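A short worksheet on the structure shown next.
The first chain written gets the first letter, and so on, giving A, B, C and D; residue counts start at 1 in each chain.
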Amino acid sequence: MIKAGIIGATGYAGGELVRLLLGHPEAEIKWYGSKSYIDQRYADVYRNMFRIVEDVCREDNIEALSKEVDVVFTATPQGLCASLVNEEVLSRVKVIDLSADFRIKDVNVYEKWYGITHPCPGYIEEAVYGLCEINRDAVKGARLLANPGCYPTCSILSIYPLAKEGMIDTSTLIIDAKSGTSGAGRGAKVDNLYCEVNENIKAYGVASHRHTPEIEEQLSYAAGEPVLLNFTPHLVPMNRGILVTAYASLKREVTWEDVKAIYDRYYKEEQFVRVLDKGVCPQTKWVEGSNYVDVGFQIDARTRRVIMMGAMDNLVKGAAGQAVQNMNLMSGLPENMGLNLVPMFP
Amino acid sequence: MIKAGIIGATGYAGGELVRLLLGHPEAEIKWYGSKSYIDQRYADVYRNMFRIVEDVCREDNIEALSKEVDVVFTATPQGLCASLVNEEVLSRVKVIDLSADFRIKDVNVYEKWYGITHPCPGYIEEAVYGLCEINRDAVKGARLLANPGCYPTCSILSIYPLAKEGMIDTSTLIIDAKSGTSGAGRGAKVDNLYCEVNENIKAYGVASHRHTPEIEEQLSYAAGEPVLLNFTPHLVPMNRGILVTAYASLKREVTWEDVKAIYDRYYKEEQFVRVLDKGVCPQTKWVEGSNYVDVGFQIDARTRRVIMMGAMDNLVKGAAGQAVQNMNLMSGLPENMGLNLVPMFP
Amino acid sequence: MIKAGIIGATGYAGGELVRLLLGHPEAEIKWYGSKSYIDQRYADVYRNMFRIVEDVCREDNIEALSKEVDVVFTATPQGLCASLVNEEVLSRVKVIDLSADFRIKDVNVYEKWYGITHPCPGYIEEAVYGLCEINRDAVKGARLLANPGCYPTCSILSIYPLAKEGMIDTSTLIIDAKSGTSGAGRGAKVDNLYCEVNENIKAYGVASHRHTPEIEEQLSYAAGEPVLLNFTPHLVPMNRGILVTAYASLKREVTWEDVKAIYDRYYKEEQFVRVLDKGVCPQTKWVEGSNYVDVGFQIDARTRRVIMMGAMDNLVKGAAGQAVQNMNLMSGLPENMGLNLVPMFP
Amino acid sequence: MIKAGIIGATGYAGGELVRLLLGHPEAEIKWYGSKSYIDQRYADVYRNMFRIVEDVCREDNIEALSKEVDVVFTATPQGLCASLVNEEVLSRVKVIDLSADFRIKDVNVYEKWYGITHPCPGYIEEAVYGLCEINRDAVKGARLLANPGCYPTCSILSIYPLAKEGMIDTSTLIIDAKSGTSGAGRGAKVDNLYCEVNENIKAYGVASHRHTPEIEEQLSYAAGEPVLLNFTPHLVPMNRGILVTAYASLKREVTWEDVKAIYDRYYKEEQFVRVLDKGVCPQTKWVEGSNYVDVGFQIDARTRRVIMMGAMDNLVKGAAGQAVQNMNLMSGLPENMGLNLVPMFP
């Protein structure tokens, strides 16, 4: 039985981690960390957990925590995880960081986009980028794992095979993404009030969103060349779900079947990436509550572009589900343990 | 391993049954019945099931079906199940009927409220009303089970202890209920279009909704006297969830703690009924995707009334989850098998 | 041309006042008051007003304001308006208070339910309760007007004719109300975040909501006897709209037509109250953006109760629209000036 | 007073035309045409019109209609308007066609994308494309007007100035659009049910949507060269609103201010196009219920692209509002008559 501690258990991603770990046959949660709700019953913060979780929230004390558990999840704002890790902690526990602190290898890029000084650049090199479908072997041996961002997970998995195989001109890549509102977190801000989000759609962070360099870095590895792209996120009036619509020019003429064969080469054996049939576009509702990414694409012969689409639950495959998938790999458990969640519809 | 067949697998309740049975360790679905999608892949009807269910929809042939399975679920419009059952079928399989055909003991009441002639009144007496928390023993021995309606489940469980203990004047009972739109089914009607339901709320079936006599019958058993009440359902712009707000005059002066003690007497050992703490009102979101009913109440000393509230997922405890709970009891399995679902929030 | 000032112009009700007054042919807004956004452009707070309103928000200075305008609207939290009015102010301008400060005649009742000491009880008697359809004549002569609450407006208008005519036993009155989220205001609170409200419904303020005594007082006047009732509001995932479902025992046997005749007697000439046809239930969407209240009812012969229903836009007839209607009456303008708004559907 | 007739008054665009014309001081509706609701009261089809519209729906008889009115609006499926117009009709009335029949000058392109034979190609040349901000003079003299599509209106107005001024490489143009559900019409289809749309987002018509050639044609005129582009619409869980996010490579290095100056050159005097301030992205909620298009943009120096954004109410500026704007121009009335609608927020 893996003992798990969660720093930041009272955010939406933290809450989803709790939901998933409660259903995991080989894990138990030993520490519900929180900054804002210390000493309050966890079930009073998330009443869905009434009579399921009896624990009280505890402060984010990595020192004490690392002595009680095997794995620590940090579902916290940028900078916090990096300020906590050190050799002593890493010698005791595996750390799975859901923040961006260890995702970007070039600390200058991190500091430029995030606008903060990295508190602990020494561990960046060691950290493994935990996109299991691409980095599976490295993940298995990691003790410090950078859990990918929500938009990057969906974007990279949608584009990766064609970038890797040199099918697309990566200089033409444009990613137009749409996210449900849980991605904005549980902080009390006017912009996230019901009446401001409902019956509304907007772009935000245009040409400046922090997930851009993370996507670029991973696709650069795939393409074997530096990738610069446009990434535009949009806020959609729904709780969960990310949809990515990505555009790129094809390097040569291909049929739908050619491209499908490439996707299949990469994802055929992957349980959590479903390449859809011809003519089917992904919908976020079809993956809600599950760890799936649904990927589909369309070729436009007129413009010689391919439109790549991906749909995912931002709190599961985009955060907590992927973190559990990484925990499984890092712990020698079956990768899908606790993750055989059937999407909920409607 | 229990072999299950579903007649009406392509409605919303049928789809939820599929979701729950796929996660059930001792059940497997052998027959995906449908009237409208015969010979189509089930995963083409519900694409959340892509790469999870490979089966094709089959016609609603009870004869053939009853030879292949142990349990038949009928998630179909009124009148269909009753037209299918007979001694031969019941000698082979257990039937769990999600329609109203066998819920009401007085066939005249059924025919009056449903406006159809009952095709098979002979089995009404044998049928067991499957509200497990109240009829557990009878359910265990049933071969024909009437799965309760969604509104009745939430209404009865919210009111039952106080009716049974004679705390309330049942002649003053008023039930104001609110439901998400999945309760209206997947039929293509203008009234259920997104633009007609969204940003809107309305009452419907006022003083005439068919769930009224079902609630009255069960509460009459509890109270030991005939109960007539007002039941008013409302359509709420959300997918899932039923909230019941019920009002009744108290027969004598009581404290919140007195009433809590009564609820606890009935529900303390019940896994799926959670009696909330003082001052907490149930919310449908806290039970979404799970088999829980959250019950809370408030006493108004000024008017000497008690306001009883219940929240539930109409597709789970209000339909498919309760059906699985009944299947478990009827099959000698642990009652909660496959139903330890943590509510999804947000 | 009436010069108007708004104290609290940056809340949702204040914003709606701005929308309505901009379309009013005989009014112009001279003062956009705000506590939180002083010196900011109003159109930066509400970007729908971009290139429509050029003004900057000003502090809530009644002294200065009262010298610049003819009418002051206060769309502010309880207690503020009462702390501002005095003889000097009232000698200069008419005050239309959208808060509860002057709605309740018995200061003890106000202080008990609102939990604050009334800052200025001396003006309670003078203040006119501005439910135009009922108090039209008094409104015309008012200089201090208490604009009714949203729930009370919809509740009272739905019930008033039957209470007034002695058709119902007012001791049996139960009001179950449902409101969109704009009623909760624009304050940044976790409970009002998109993800907390969406896909959710709950009761709140059960047996303790502050609109209860306001409804009771007005219906007591109508019935000619003290009325105590239950009022339960619910939060619905939509921006605008209030639906009231009210229940009461009928004092004698009546037909639908009898009751309709009574409603017609009171509302036939009223532009803003529409009594619906037989069998039609009100829906909030049918009145969105307009000053209408749609009223319908159903008789339950089995229980001898009448179910009275009303639907309204909480920000229009429930706040800003009614305030403009009152301004028109107080200023000798046609009552419907600027209020001939056709409901927006869908 | 202009007498207006509406063919297809019971669709969502038709209903919005009714709402706008009822508020127009110089127009009156003489004919509520419908295919599905003949002889029914219009207010029974759209109950928001109760006690506002007393008329009964009439059949779509252009012959009779054209003798009673001055202007005919056709808010009908493709092919219908084209089958109705002829010299006799056009000699009597002005026709404003909200369908696509006369929008595309090349009949082959129309027939290829719409998959039908054009019933009346002879009038294509005469028809004026009614995007007032661009074709104002031609509109004034038109007797047959092709009212632009919803997506094209928002797309073209967002891109037009930069295409016209040769700022962007039109071969790189990509338009990613998002629409509320009213754009899908009021037909009863499973795909448009509340539970299928709510909590969901998807792309549709990828590389094949019929609005593509319309956008391409108009931008070709602007650019002075043939434009081929990608257009991808998405269905968003909201009633109203279209958001366009368009991407193109800049031909030369420019500042935000340079580009703003270009937009201002075209739109400074336009009442219904609002070019937003620096750093502000358009939101559909800020234009809801109004005839505005809000346009904003961002320059990405890293990728040398400009991201152009536009937001609009699809039923107003994208359909009925623009039709009224055209009617005003064609009738010699002030262009904004009846269209000074303040956006409704929230």
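The rule is short, and it goes like this: contacts are C-beta pairs under 8 Å (C-beta built on N, C-alpha and C of every residue); 3 or more make two chains touch, one makes a residue touch a chain.
The structure presented is a predicted model; accordingly, all values stated were derived computationally and were not measured.
Colleague: State the pair with the higher C-beta contact count; candidates are A-D and A-B.
Modeller: Pair with the higher count of C-beta contacts: A-D.
Colleague: Computing the C-alpha centre of each chain, which chain sits at the greatest distance from chain D?
Modeller: Following the centroid criterion, the farthest chain would be B.
Colleague: Centre to centre, by mean C-alpha position, how many angstrom separate chain B and chain D?
Modeller: That pair's centroid distance is 46 Å.
Colleague: On a C-alpha centroid basis, what's the spacing between chain A and chain D, in Å?
Modeller: 38
Colleague: Take the average of all CA coordinates in chain A, do the same for chain B, and state the distance between these two points in whole angstrom.
Modeller: Between these chains, centre-to-centre, one finds 36 Å.
Colleague: Provide the list of chain C residues touching at least two other chains, using ranges where the numbers run on.
Modeller: Counting only residues that touch two or more other chains, chain C contributes 12, 182, 195-196, 198-199, 237-240, 283, 285, 288, 346.
Colleague: Using the touch definition up top, name the residues of chain D that touch chain C in the complex.
Modeller: These residues of chain D touch chain C: 12, 15, 18-19, 22-23, 46-52, 182, 199, 239-240, 274, 276, 280, 283, 285-290, 294, 340, 342-346.
Colleague: For chain A, which residues are in contact with chain C within the complex?
Modeller: 12, 181-182, 186, 188-190, 192-199, 237-239
Colleague: Would you pull the chain C residues touching chain B in the complex into a rising list?
Modeller: Contacts found on chain C: 172, 174, 176, 178, 180, 195-196, 198-204, 206-207, 228-230, 232, 234, 236-241, 243, 245, 247, 281-285, 288, 298-300, 302-303, 305, 307, 309, 311, 346.
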